[in-house]
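Letters A, B, C, D, E and F name the chains as they come in the text, with residue numbers starting at 1 for each one.
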Amino acid sequence: MMKPVKRIEIVVDSVELNRLIELLEESQIKGYTVLKDVLGRGVHGLRDGGDLTDVLTNIYVLIACNEDEVQPLIERLRPILTRFGGICLISDAQWLIH
Amino acid sequence: MMKPVKRIEIVVDSVELNRLIELLEESQIKGYTVLKDVLGRGVHGLRDGGDLTDVLTNIYVLIACNEDEVQPLIERLRPILTRFGGICLISDAQWLIH
Amino acid sequence: MMKPVKRIEIVVDSVELNRLIELLEESQIKGYTVLKDVLGRGVHGLRDGGDLTDVLTNIYVLIACNEDEVQPLIERLRPILTRFGGICLISDAQWLIH
Amino acid sequence: MDIGTLLSNALNPPVLFFFLGVAAVLLKSDLEIPQPLPKLFSLYLLLVIGFKGGVELRHGGFNTQVLITFIAAIIAAIAVPIVSFYILRLKLDVFNAAAIAAAYGSVSAVTFVTATELLQQLSIPYDGYMVAALALMESPAIVAGVVLVRLYANKQEKGINWPEVLREAFLNGSVVLLVGSLLIGLLATEAAEKSLEPFTKGIFYGVLTFFLLDMGLLAARRLKDLTRTGPFLIGFGLLAPLVNAVLAILIAKVIGMGEGNALLFAVLCASASYIAVPAAMRLSVPEANPSLYVSMALAVTFPLNIIVGIPLYLQLIRLLGV
Amino acid sequence: MDIGTLLSNALNPPVLFFFLGVAAVLLKSDLEIPQPLPKLFSLYLLLVIGFKGGVELRHGGFNTQVLITFIAAIIAAIAVPIVSFYILRLKLDVFNAAAIAAAYGSVSAVTFVTATELLQQLSIPYDGYMVAALALMESPAIVAGVVLVRLYANKQEKGINWPEVLREAFLNGSVVLLVGSLLIGLLATEAAEKSLEPFTKGIFYGVLTFFLLDMGLLAARRLKDLTRTGPFLIGFGLLAPLVNAVLAILIAKVIGMGEGNALLFAVLCASASYIAVPAAMRLSVPEANPSLYVSMALAVTFPLNIIVGIPLYLQLIRLLGV
Amino acid sequence: MDIGTLLSNALNPPVLFFFLGVAAVLLKSDLEIPQPLPKLFSLYLLLVIGFKGGVELRHGGFNTQVLITFIAAIIAAIAVPIVSFYILRLKLDVFNAAAIAAAYGSVSAVTFVTATELLQQLSIPYDGYMVAALALMESPAIVAGVVLVRLYANKQEKGINWPEVLREAFLNGSVVLLVGSLLIGLLATEAAEKSLEPFTKGIFYGVLTFFLLDMGLLAARRLKDLTRTGPFLIGFGLLAPLVNAVLAILIAKVIGMGEGNALLFAVLCASASYIAVPAAMRLSVPEANPSLYVSMALAVTFPLNIIVGIPLYLQLIRLLGV
């Protein structure tokens, strides 16, 4: 009925979208959800989207995966976050088996 | 001040929006939040929104409800997920009483 | 590698965006993520965005912060939620240090 | 009622596309014009209405008649919300009564421009300064609404946060765009006016038509909210415009406005705002329920005016020999 | 093959911008036309195609020739999906076969209008009622698709939820907008038609060009999906339109359609729907994979028709002396 | 300074609407043009500027004068970023200096087209191939920026990922659309050009005006970022364009460009890119802070050029008897 999973949330500069999708595919992550036109503020300053291009916007990615898939993913993710900024949060949830 | 609640997150094909809202109303769920134009990948393949209609997009629904409201809701939800795909995650949170 | 943080989620009428951002800055919150054009239903009725202005839309704000930053923030937040409605959920997560 | 004008108005593409929008929703079709396309149309219409108003104002000129019209407009924009407030208080709380009163004291630029299109079709002349009257009538009702709330709501609110209220009333997006474009129209040279014509005159009627398709969709969707609010509000949404129009026509007769100007003045008094006032009310009177005042202005009063109202008021003006 | 028409068709700005869109994706450029801009263009095109069809229909008139053409159109819109279904069943499951068959039984309004533009350039006359034939051929294929699924899918599904299926087929957004605009075009007065002209005729070719740039981007992105589906589907996407066109041209000859109408009838049969049918199939046949039928209609059949098909069918019509 | 041209330029609707946008933000109005509407305008403008350039290029012809102009353009597009880089390094780190230098080495198509509008108003002739010069000057500065970073940033980065950098510079969305439309304009027949005119010429000035309202809003919002960056960058944003324009005018005199071409060449050198370069810099030089180079190009240099720069450079050209 239910299985425990890990919820990984990533918010990063929208320019990183393709690179991030490639990284997910390399880490055999077959399921993820992406939100575009995400605004926010962080170490790299305010991203209020107020621009002609999506230069000043982020993307939000939600990944539900098994515990053992977390480690390889965040190892690949860390260099991107260090170079381009962004955040990664990991929390617990139950996955409804259907 | 605070009360424990359950956070239900649903990501499903955007075509299911009306059906899902009806289901929430049937389960006496009076509060929910909906995000449109959600992209992603899952068992049903890539939904990159790249199309003239919103055929290839998802919706994200967040529901904060009491523990006892979860069971009836997911029982109604399961047949939709089985037929149309999508995911449902359940996690814990505290609701700020105001 | 990881540090425990609190995840604060706020959904409120989009008209409150500026007031909310000011409030975050007053509470020394330097990092937050904002989603616009958020729909939903609550005590104040249905917000389906179906209008010429964004009168009938919400915003979703995600804040990852340390445990000690939560209290001052929600004290400032409560009067806004009481007057203008909206919800605030607090959950636990791990922050990937990079 | 001269069925001719009524029919010719209803058979206009803009009004027909309004019906198409309503029909699509009633037939549960998934026809939808997603945000921000409606915003694109309303920004374009406000910009062009303002600019063309400014251009005509420059050609026109200024005399006492213009001044009297402006004074009448401002008085109406203050009187209508006050009277409406007391009527609405019979059934509604202070907050909703004030918000709806403010909406009906303000104006709808698209209703105004649907009337100018009809006047052009029937080649009835009207003056450019009526657009300035439109701009003048946008904001006073918002201030009136907020003042009424402070007077009658429980006293624990100290005073009125005047800077914010005035900014909300006079500096909200629609007013700034309308007034700004009007001033730019005043300053524009003949050559500039000419090179803008395909944009301001050419595609105007088409964009108005596309916009009314969207208004039909929005109005029909709002109707569901109204069924819950009950007959009183729907009644107010139908009667207030007619009463306001009749009073406006009487004033027009007294001041000696021409037939065209009288119709526009009536339409300004009879129309309710569904863009500027809702945006302002949400900040200054958050306790009011937006789906109430938006639905009344958009799903009851707007359709009433563009389908029946405009030809009816013209008929009345001719009857009274204005 | 008379290279002249082929080249003049391919050198038309709309087709050239389609190539530009494809090239941008193949060169991995980040050129993108974000939602809902594509929706704005397709809503505009449907509105204008319908309205102009209605206007021409009013000028035209109704006679048996028109009736026969309508009957032929409806028969084609039912026959094509049934035949296509059995061919597709050779390699595909019931759901995907039915969804693709429905797409190919339906039509693409933009392919139709690219053909009318070519006819205008070559000043070949055609009748207004062909737009009505376009509208008639939008929906039957959707019903055929759903019926085929119920007949051949495992029997555990009780009957067909007819109200929902019919609403999906005949009341989806594109059909309501096309048919609604057509009716409004019929009712519009000369004056209204004239004042709408800069919007419906003036900028039409330019918006069509902008839209085909976007179609090029979308088609090229869908191509990746197709490479995974394998040669059978790409083969079907190329052959089915040609076969359907030839059959349509033969029928046109039998009924005695003019050269212009024959080309439009061929294009209707040869084109596949990538807006109305996908929207309907998702609700009535959710088991089918949208990226399959959308990619075939948008990335194979649409480009085939506008680049090679249209001039080819015209050539064939002249050969057979229709 | 001949106040006449300065005033007539500032009283142009596009520039007036730019001021309206700035005023709306300074007055804290909630006037907003939500995404992706600005993207719609900039895609339209790039498509039409390119297409019209291609059409004029076809009418024109190719001779040594054209070739020399192109060579001068490319040299300027490489020299400007290099010189700017060393000046900026006085106060800035390598990454931000390179990104800003690249922006100032590149061009702004909208500034260019505001200048062509002024030339048309003053009926001063200019050549179609200047649009090709615009296209040529879009990308070299991006490559120069990246090379400067690799040379001066700490050495731990091995070489330059040339495929990605070149794709970013020469295949980003704006360049592909501009160059693509230019090529299509070259290929378009007279008939096609004519049927596109209401779209490419008719509504062009109106859409440009609507776009500058949005630029005013964006520029004023970026101003806040600039106040934090300090006087050096604002100074650079004001002086660099003037210096670049003067140098360009001297080169134009040496090569013997006509008055119109000289103004356009000066405007190309004086304008900074706020679409193509920021998009490229984010990938190739992510360490640079976009709000710096976007704000300078959009909130300082763009307003300077369209309000004061263009008429000033024209004045200078006349003084030097180019």
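Throughout what follows, a contact is a pair of C-beta atoms (placed from the backbone, for glycine too) under 8 Å apart; a residue touches a chain by one contact, two chains touch by 3 or more.
This is a predicted model, so every value here is computed, not measured.
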| message | Need the graph distance between chain C and chain E over the touch network, please. | response | 2
| message | Please report the minimal path length, in steps, between chain A and chain B on the chain touch graph. | response | 1
| request: Taking each chain's centre as the mean of its C-alpha atoms, give the chain farthest from chain A. | output: D
| said: Relative to chain E, which chain's C-alpha centre is the most remote? | reply: C
| field | Length of the line joining the C-alpha centres of chain D and chain F, rounded to whole Å | value | 41
| query | Hey, how far is the Cα centre of chain B from the one of chain E, in Å? | reply | 35
| field | Mean-CA-position distance for chain F and chain B (Å) | value | 46
| task | Would you give the residues of chain D that are in contact with at least 2 other chains, written as numbers and ranges? | result | 35-36, 39-40, 198, 202-203, 279
| task | Could you tell me which residues belong to chain C and also touch two or more other chains? | result | 35, 37, 91
| note | All chain pairs satisfying the touch rule are A-B, A-C, A-F, B-C, B-E, C-D, D-E, D-F, E-F
| field | Complex contact set, residues of chain A against chain F | value | 13, 15, 37, 44-46, 48-56, 83-84
| query | Which residues of chain F touch chain A in the complex? | reply | 35, 38-39, 42, 218, 221-222, 274-275, 278-279, 282-283, 286, 289-291, 294, 298
| request: Mind listing the chain F positions that touch chain E in their complex? | output: 35-36, 39-40, 43-44, 47, 51, 167, 171-173, 176-177, 180-181, 184, 187-189, 191-192, 195-196, 198-200, 202-203, 279
| remark: Per the touch rule above, chain F residues touching chain D in the complex are 8, 11-13, 16-17, 20, 23-24, 27-37, 40, 121, 198, 202-203, 205-207, 209-210, 213
| task | Spell out the residues on chain A that touch chain B in their complex, using ranges where they run on. | result | 2, 5, 7, 30-36, 62, 64, 91-96, 98
